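You will see two complexes here that share subunit A, one where it goes with subunit B and one where it goes with subunit C.
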Partner chain A sequence: MARYIGKRIIYMVITLALIATFTFFLMKILPGSPIASADKLSPEQRAVVEARYGLNDPLPVQYFNYMFGLVQGDLGVSINQFKGANVTDVILSRMGPSAQIGFQGMVLGTVLGILLGMIAALRQNSWVDYSSTVVAIIGISIPSFVFASMLQYFLGLKLGWFPVALWKDGFMSSVLPSIALAMFPLATAARFIRTEMIEVLGSDYITLAKAKGASGSEIAFKHAFRNALIPLITVLGPMAVGILTGSLVVEQIFAIPGIGEQFVKSIMVNDFSIIMGTTIFFSVFLILVILIVDIMYGIIDPRIRLSGGKS
Partner chain B sequence: MTQNYDKLPQGSFDRIERDTQQAERISKPSVSFWQDAWRRLKKNKGAIFSLILFGLIVFMALLGPVISPYSPNSQTITHANLPPKIPVIENLGIFDGVGTLGGKEVDLYEMKNVEQNYWFGTDGLGRDMFSRVWKGTQVSLFIAFAAAAIDMLIGVIYGGISGYFGGRVDDIMQRIVEILTGIPNLVVVILFIMIMDPGILAIIIALTITGWTGMSRVVRGQVLKYKTQEFVLAARTLGATDGRIIWKHLMPNVLGVIIINTMFTIPGAIFFEAFLSFIGLGLQAPDASLGTLINDGYKLIQYQPHILAIPAFVLSLIMIAFNLIGDGLRDALDPKMKD
Partner chain C sequence: MEKILQVKDLELSFNTFGGEVKAIRGVNFDLYKGETLAIVGESGSGKSVTTKSIMRLLPESSAEFKNGEILFGGRDLTKLSDKEMQKIRGKDISMIFQDPMTSLNPTMPIGRQITEPLLKHQKISKTEARKVAIDLLRLVGMPKPELRMKQYPHQFSGGQRQRIVIAISLACNPQILIADEPTTALDVTIQAQILELMKDLQKKIDTSIIFITHDLGVVANVADRVAVMYGGKIVEIGTVDEIFYNPQHPYTWGLLSSMPSLDTEDAKLYAIPGTPPDLLDPPKGDAFALRSEYAMKIDMEMDPPFFKISDTHMAATWLLHPDAPQVEPPLSVIERMKKFPGSRYYEGSAN
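Coming up: the complex of A and B.
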């Protein structure tokens, strides 16, 4: 196990170094200058600004400075949007709203999805089962931005139950974005749990439990549900990816001052350091989630042996 | 039970001779794998319905811009922001060209003196939404199919070589894939789109740059499974070359998973194209894809919801159809499910 984790962490570091290097050089060959209204500055003024942000140093020097800062958690400074503010600070200051809707969406989606999948499996081929399949297909198929704009139009604009696009630190503003983000985990969990439950319900130990006279609810919750739940961990990774991808557009739609909204804005105005910083932040986040999920799976389910024979 | 054979009328039964020659005869017509898969797919109502629906959408995407009297990019400013109006159906109270203006419901066609009917309405520049939506569908589908085809090509070749040759080659190739799959797709796509000139080609390249790794893994797994089986050994003993073994003996066995995987790549590509367009990294005006149409429509959601609703509806239909077809094919082609 330790060997496996060590190997995975080494891979993680290599991948991240690669992403950082790649992002750095991509930003350098990008058209457009990172300095706001660069054309309006005189050549002298421009030289001063460029010197201040180290843009005149030879490329390898800039690269090593950046990588060195990165190891220390320093993502550089934002040049045009925040006038020299630290990128790490900018990202951290915007983490709250993103984390809130992401977390709410994830919890809401998984809990409802598990319930839906469970009921569907226990009442196989009933109307509950069919409608759960329909919900799952719709949740996987309809992109989050379509769903988000539908919610915004009907529940926000037409019915006026929730704020349309206003973030006032309240729970109410986070309801619609959370629902929009919850659709994907909901659909994934519902489908997954249904398949797993049906498989588990057909296994010998359930038959034994029935033969020994266990009640229906006891079988469903104590025996079947527990075993069906474990493999759900494997789809937590894709779910996190889905939530993150969704957050870019959902934050845009509901005007939430989160990381995703900042990222899209930075792409529009060529704020290279923010783009680089966010890219690396997203990568670290997703790679960590997937690593934790894999390790957790190995610990929770002893039947899975990760290191291929050598433990 | 007493057995009264003698009560049976004479001649009801014939005694037949046991013929050892017939023992090996195959009594049912042999069904090939693909015929069998098709038979199973036909039983799946959702998949067949989706197949027909998808066929219709492709048909309209090709025909729509042609039959519409207006070109997708021609602007008629006086006809801007008209709601949909379809003859015959308008009598039912929907698609009747009535929209809200200043809080009141009015027939905007009458008000603006428009004689023509715009089936899907018009956008803010007076462009016909009907031809724009179908043109956009065409572009979105093209991007998705091209990306899926390239993913498939690279993935199959890479996975095939890696799985077939094994050993060091496999080791090195798999380490590369492992690092590539570690990079979040979202990050790669956004970064690549940024350095290239925006357009159809840029989106296709961005989608395929790491998109093929999924396919390569699946193909490698299958090749690893089949290459140790006897029929491969037999082929090799008979002197077949590596290329022949891969193409003639392994590929037909791997084809099922390749098809299934491609069917799930396509909706993924459609989604990413729309997603990129929505955050402003997609096609540039006047080109339209479903994603850019949704993005344009979103800006007018409050006043002209039809501009958003129609492309969003078509996009959702395509995604649902593909997921259902993919599910159906997976069930049909998966030999484990054989009944």
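Coming up: the complex of A and C.
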């Protein structure tokens, strides 16, 4: 197991280096510069700023300087968005709200989705089943920003249950964005669990469990559930991505001072080091999620338990 | 002998999109205490459905009892609620399935799978159940049972898994054990071991076994009595000697002739011509008539009743009617009949 994780960490580092390289050059290819819009600067001032952030160095030099800093854990400083603030500090200070709504959305979505899928499978072709299908289709097909606006309008404005936007009322502020983010994992989990439960319930070992005298609920929870969970783990990774990309939009709509909101703004103003830093941060996050997913496989499915570096 | 299970005039249909599939069309048999009754027949003859209906393991949404009863311990199993059936399943009647590779839960340690029926049906603690489970594993010939309790099904071979399934089925000392082709998915050497084990266990715990198979070699090895099923009905039932050495139904003749034997001199293996009947629309009269070279006019018109050959032997064929002409069974069957005292071809004790 330790050897396996070690190997995975090496792969992670390689992946990260590639992502950093790609993002770096992509950014440089794009037109615009962090100070392009600063009209008030005189040419002399412009030159001073460019020299300070190394924007005039040859590209390879800039690249190696950046990568060298990255290896040391230095993500650089913000050029214009946060005026000289350390990128790591910026990200860390922004992480709280993002992590909170992301986590809440993920948990809410998967738990409700699993429940919905289970009920749909156990009451196959009943009205519960059909309504869960409808919920799942809505969850997948309505973009999170549409859903977020609907939540704001109905639950926020009309009913006044939750604040419409901003991050001022602690948990209450996080409810609507969490729900908006939960829709995608909810829909995905519901569909996966339903399909898988139906298949598992038709398998031989379920018949054997029945032949042992197990009751309906024992069969569903003791025998079928764990087996039906296995494929869901596979989509946990993509689901985390969904939460992440969803958060870019959702944080904008709800005006939440999170990483997503800051990331979008940094792209608009060409703040190179913030874009780089956030991309790397997101990449690390996703790679970690995938690693966790792989380890979870082994916990839930004994057949793919990892041992000694062999798969 | 004490009758432990009586199946009377059982009729069961599946409601499908295509219509009503009459899978069991009037099955009668008794199971005696301590005996092994083999049910043989080709795919689709209704042998599995019959036993699954005894356990009530068929999907309630499509399978429907049309007629008849299954009497066990004074109760009609076809009428019990699902709750009541749960108390019988795994305790009084248990089942072994065909494919050991898929009949164990892949994500549950086998120890828990064995203790499950114990904890369910008997008032014992987890530690006691664990002890019983270890004893059961030892009983079915699993080496180092203590160490293997925590392992998962994928860590066992096919034969071992079937031993585990057998251990599960025996956990509560059932009165009836239904084995649905328990050796079909195993290779031949393991087959022999599992059959030996089952015979051995039956002596030890004195349970009645219903053994479903399409392998006549297996039948000869394990059964006391044999029921031959065709087209959702039992066509012949008798002791194993009566079925093997004095068969009366043309379908049984066909089955026996299509079994390769060491004395078979001609290289060509006999196969019964034609295909099994479509139970969506069962043929009138004897379901086997269309494939039988012995079919008479009446076979196309009327279902044959059971004719008694001996106290233990019955067959449903018009050939046994007093007015029916004498026919010659296939040569290989005559060869068999020559060895059976009481058959018309008996030649005295052979050898």
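In the analysis below, the second predicted complex is superposed on the first by the 281 of 311 C-alpha atoms of A that agree within 3 Å, B and C clash if a C-alpha of one lies under 4 Å from a C-alpha of the other, contacts with A are read in each partner's own complex, and residues count from 1 in each chain.
Throughout what follows, a contact is a pair of C-beta atoms (placed from the backbone, for glycine too) under 8 Å apart; a residue touches a chain by one contact, two chains touch by 3 or more.
Not measured: the values here are computed from a predicted model.
When the two complexes are overlaid on their common chain A, residue A:Thr234 makes contact with neither subunit B nor subunit C.
When the two complexes are overlaid on their common chain A, residue A:Ile19 makes contact with subunit B while staying clear of subunit C. Contacts of A:Ile137 after superposition: subunit B is touched, whereas subunit C is not reached. When both complexes are overlaid on chain A, the residue A:Thr279 reaches subunit B alone and has no touch with subunit C.
Residue contacts after overlaying the shared chain place A:Asn65 against neither subunit B nor subunit C.
Of the two partners, subunit B and subunit C, it is B that touches more residues of subunit A. Within the superposed three-chain model, A:Ala209 lies in touch with subunit C and out of touch with subunit B [touch as defined at top]. When the shared chain is aligned, no partner comes close enough to touch A:Thr88: not subunit B, not subunit C. Subunit A has no residue lying at the interface with subunit B in one structure and with subunit C in the other. Of all residues in subunit C, only 55, 57, 82-83, 86-91, 94-95, 97, 99, 102-108, 116-117, 120-121, 152, 154, 165, 168-169 touch subunit A in the complex they form.
Put simply, subunit B touches subunit A in their complex at residues 178-179, 182-187, 190-191, 194-195, 267, 271, 274-275, 278-281, 294, 298, 301-302, 305, 308, 312, 315-316, 319-320, 322-324. Residue ranges on subunit A touching subunit C, taken from their complex, read 203-205, 207-216, 222-223, 226-227, 230, 300-303. Listed in rising order, the residues of subunit A touching subunit B in the complex are 11-12, 14-15, 18-19, 22-23, 26, 29-30, 137-138, 140-143, 145-146, 149-150, 152-153, 157, 241, 244-245, 248-249, 252-253, 264, 267-268, 275, 279, 282-283, 286-287.
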